[in-house]
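You will see two complexes here that share subunit A, one where it goes with subunit B and one where it goes with subunit C.
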Partner chain A sequence: MSLLIQTILNGLLVGGLFVTLSIGFSLSFGVLDVVDFAVGEWVMLGAFAGVASTTWLRIDPIAFLPVVFVFFAVVGWLVAPLIYRVRNSRNARPALMALAFTFGLATLARGGMLTAVGFDPRTVKIGVVQGTVTLGAVEIPTLRLAGFAFAAVATGLFMLFLYRTRTGLAVRAVAQNKEIAGLMGVDVKRTSNFVYSLYAGLTSMAGVLIGGIYSITAQDGPTYTLMAFFVVVLAGLGSVGGVLVAGLVLGVLESLVTVYVSADFTLAIVFGILFLVLVISPRGILRRGTA
Partner chain B sequence: MSRALALVTSRGGRAASLALLLLVLVSFPGWGGDYWTRILTGVTMWAALALSWNVIGGYGGYISFGHVAFFGIGAYTTALLMKPGTGWNFFATLPVAGIVAAAVAVIVGWPVLKLRGAYFAIATWALAEAVAQIANGVGFTGGSSGMSLPINASTSFFYYAMLVACVLSFGVCYVLLERSRFGYRLKAVRDHEVAAGSFGINTTAVKLQAFALSAVIPGVLGGIFAYWITFINPASVLDGSLTDQMVVMALVGGLGRISGAAVGAAVLYLINQQFLASFGDTTSYIAVVGALVALIVLFRPDGLVSLFARGNQTRLVWQLLGRAIPRARPSAAQRPGKTKEHA
Partner chain C sequence: MSVLTARDVVTGYSGVEILHRVSAEARSGEVTCIFGPNGCGKSTLLKAVAGAIRTWQGEVALDGEPLTGLASHEVLRRGVALMPQGGGIFPHLTVRENLEIGAHTVRSRADREARIGEVLQENPRLADRIRIHAGSLSGGEQMMLAIARALLVRPSFVLFDEPSAGLSPKLAGEAMHRAASLAERGVGVVMVEQNIREAMRVADRIYILAAGENRFEGTPAAIESDKQLMELYLGASA
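Let's turn to the complex of A and B:
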């Protein structure tokens, strides 16, 4: 029984990080109208930035988080106009071409990192938070707790920004209807760039913590892309609120499968459920997304 | 110069050059040597794989990021059927491999082909990841240590097997996509699904048929490939980089063009072999493939073949001669298949 509680709790704590990496992804889909296949690569790159901070700079990755955020936000700011350009180009099939473009970027990131660091798994050594916290019969790794705390703060700030600021209002307007948002004086292109760079920074910060909880290799990007997809499909594509629930569901699911079935089948089971959701309710479990 | 090119691209000229190409291909093992025969076996395989991706991607307008799943399913089907104990004839396993791949495509495609293209891309990709994990995890596929097949050392046997499969694929796709009502229906659905539906086309059925067609080809090729390399494991026949390669070959060749796949496959496969020979690894090749996909999408969305399309050639010649572009030439924007999509 305590194993079950332990497993669910571990899953919920990691689920927080899945929420963080999916929420920006979902929003950037809403604003740019492009499913970003590079989402997992941001996680992978962020984790390797964390590895670099401990091995080269000897700074604790937690203290390094703001640097990771700024760096990847800048990278995202540089990439976003290209995606925007492809998405709004006048060639035959802009939506598909934009998909292919982010797919190309993801492949480039994966191939580049594989060439640079090889296939060996690394772990981000987070020194500040170690050991476990004992709560009755269950033991919670402090790192997971810290990861969840980070996710809660980051997601909370993100939601505050989205629902309590004028820029956030503009972002939501663009996600709803680009043309009308443009007519209301919102600079759609600037907003898109802004959201994408925010998302890149947020996701790579989550990557640092994910790289601390699990080990990571340069070819792990697609796994996390799949996780993010799972979350947003379960939530309904473009629905930010659904992500909060779906991310936690994924965390618990992954944890349960790893403990009670086998880690070898996580992706297969995740895919099975993804498929069922698409068959039964393509707009997500809360029926808020767009089909 | 332009007259020579015009001759090649004219209808009679095209048939003649196709016949010449076929003659060269059929006689190749006789004079080309073992090494180049093996290279050409790879080129023909990839040409057909890129074509199969192009069927759903270029003609159907749905991007599949998990096409490797069908290749791997075909490879494992053949391997399982040829295992000692079952011991099927190699040629008898190929139709089964194709059918199994198509069946999986229909089951997966049925719910997601009704939705937007993004869902399809996600679902196919997740399928490939799941199939790879299942092949790694279950017992009868040998897990990550893979399966061995009976050994057949004849280079020309596999060359001809691939060539026949490749020519058949191109022939069938050409007839179905360019010379039949099915092709018109598929392109109509791609270009404007609502309008196509209002003409009485069952849009989901058409897309599903196209997806099944595009899965049969890698299924059969996977079967031949498994017998060719005599040992398969998830890393060799279910690796995501195989999909990457199909995508980039089809993009280089040009989406929605039959010939594009062959051109893209030839160019990319030779580059790939060169990378293997000079660097000994393929990780840098992955990066190059990614960069190439991104660059083509940005600057040449019609594929590199569009550089050599007829209108462009003559325009290029006129530009080189420093004259104005003749007005009668249809511009790129007016060619068919250019309507705005609703993916």
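Let's turn to the complex of A and C:
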């Protein structure tokens, strides 16, 4: 029994990070109208930025998080106009071209990192949070607790921004209808760039903590892309509230499968469940998606 | 007095040309109506003027200042607003959020609040429903919201794409008269309408488009005296 509680708790804690890496992905999908295949690469690159901070700079990765955010937000800011341009071009099939473009970006990131650091798995050594916290019969790794705390704060701030600020309202309007948002005076292109930039920064920060909890290799990006897909599809495309639930569900599922079945079956089982959910409720678990 | 002009506008969607050199002019304080059969390019003309779609050739100008090539948010900042077909409210945002996004270009928060306050005072029915999603308003309420929202930025010209569409005859007349009454306040009103009889009563100037080209330009009286025109393009056997 205590193993079950332990497993569910571990899953919930990691699930927080899945929420963080999916929430920006979901929103940038809404705003740019492109599924960003590079989402997992932002996680991978963030994790390696965390590795770099300890090995080269000897700075604790937690203290390095703001630098990771700013750096990848700038990279996102530079990449976003390219995606926007491909997506809104007058050439044939801009949606498909944009999808191919982000797939290319992902391949470039993965190939570049494989060349630079090879296939060896690395772990982000987070020194400030080590050991475990004991709560009755269960032991919680402090790192996972810190990861969850980070996820809760980051996601909370993100939601505050979305639902309490003028720019956040503009972002939600653009996600709902670009043409009308433009007619209301919202600069759609600038809003798209801004959201992508914010998302790249947020997801990379989550990557630092994910790289601390799991080991990471340069070719792990697609795994996290699949995770983000799972969360966003389960949530219902475009539903921010659904992401909060679906991310935690994924964390628990992954944790249960790893402990009670085998880590090798994680993706198979997780996607089998997604398949069933989509057959039963195609608009996502909260039935609020746009699909 | 302000003048909004479209001269020899050519545009369309995904490579298909819809408007073939269409010209029109609207003045502040007047109601300019655009009629024509379905698919003749009325909505396309409004979208091109408002910058929602790109103008391929020709020119759009406000008091001689070119608007051609500007994005819709830039056109709005110059004082030309478009209320799209169906009102274009955001169904998943609340009534209040719809009004806030309508006032997006108003920089000062206090000013935004004051303008929204005014709107709510004029539309008590909206004030009662301020926190609910705009998508659950009735069709008439949605149109009221859309019209009120278009005015928050105090535009010098408002382009209405069928303010009466999908409404009951009573509400349709109300929506159209509300839109037309803006002209009394000095706003230039441009209206695309299917409800020709009602619209003829409020129009100062009328354009008829057919197959993406200008077919007629003149006053309501001039149209009414032309039986052939009435029958051909307006489907009215008067």
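Quick note on the criterion: the second predicted complex is superposed on the first by the 291 of 291 C-alpha atoms of A that agree within 3 Å, B and C clash if a C-alpha of one lies under 4 Å from a C-alpha of the other, contacts with A are read in each partner's own complex, and residues count from 1 in each chain.
Quick note on the criterion: contacts are C-beta pairs under 8 Å (C-beta built on N, C-alpha and C of every residue); 3 or more make two chains touch, one makes a residue touch a chain.
This is a predicted model, so every value here is computed, not measured.
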Touching partner for A:Phe101 - first (subunit B), second (subunit C), both, neither: first
Which of subunit B and subunit C A:Lys189 touches, first, second, both or neither: second
Superposition-derived comparison: subunit B or subunit C, residues of subunit A touched: B
Which of subunit B and subunit C A:Asn177 touches, first, second, both or neither: second
Touching partner for A:Arg166 - first (subunit B), second (subunit C), both, neither: second
Contacts of A:Arg90 with subunit B and subunit C, given as first, second, both or neither: both
Set of subunit A residues, in rising order, touched by both subunit B and subunit C: 90
Parts of subunit C lying in touch with subunit A, wherever the complex brings them together: 14-15, 50-52, 71-73, 76-77, 81-82, 84, 88, 90-93, 97, 100-102, 104-105, 109, 149, 153
Contact set on subunit A toward subunit B in their complex: 29, 35, 37, 82, 85-86, 89-101, 103-112, 114-115, 118, 222-223, 225-226, 229-230, 233, 237, 262, 264-268, 270-272, 274-275, 278-279, 282, 290-291
For the subunit B and subunit A complex, residues of the former touching the latter: 57, 61-63, 65, 108, 111-112, 114-119, 121-123, 125-127, 129-130, 133-134, 136-137, 240, 244, 247-248, 251, 255-256, 281, 283-295, 297-298, 301-302, 333, 337-339, 341, 343
Partner subunit C, residues of subunit A touching it in the complex: 90, 166, 169-170, 172-173, 176-177, 179-189
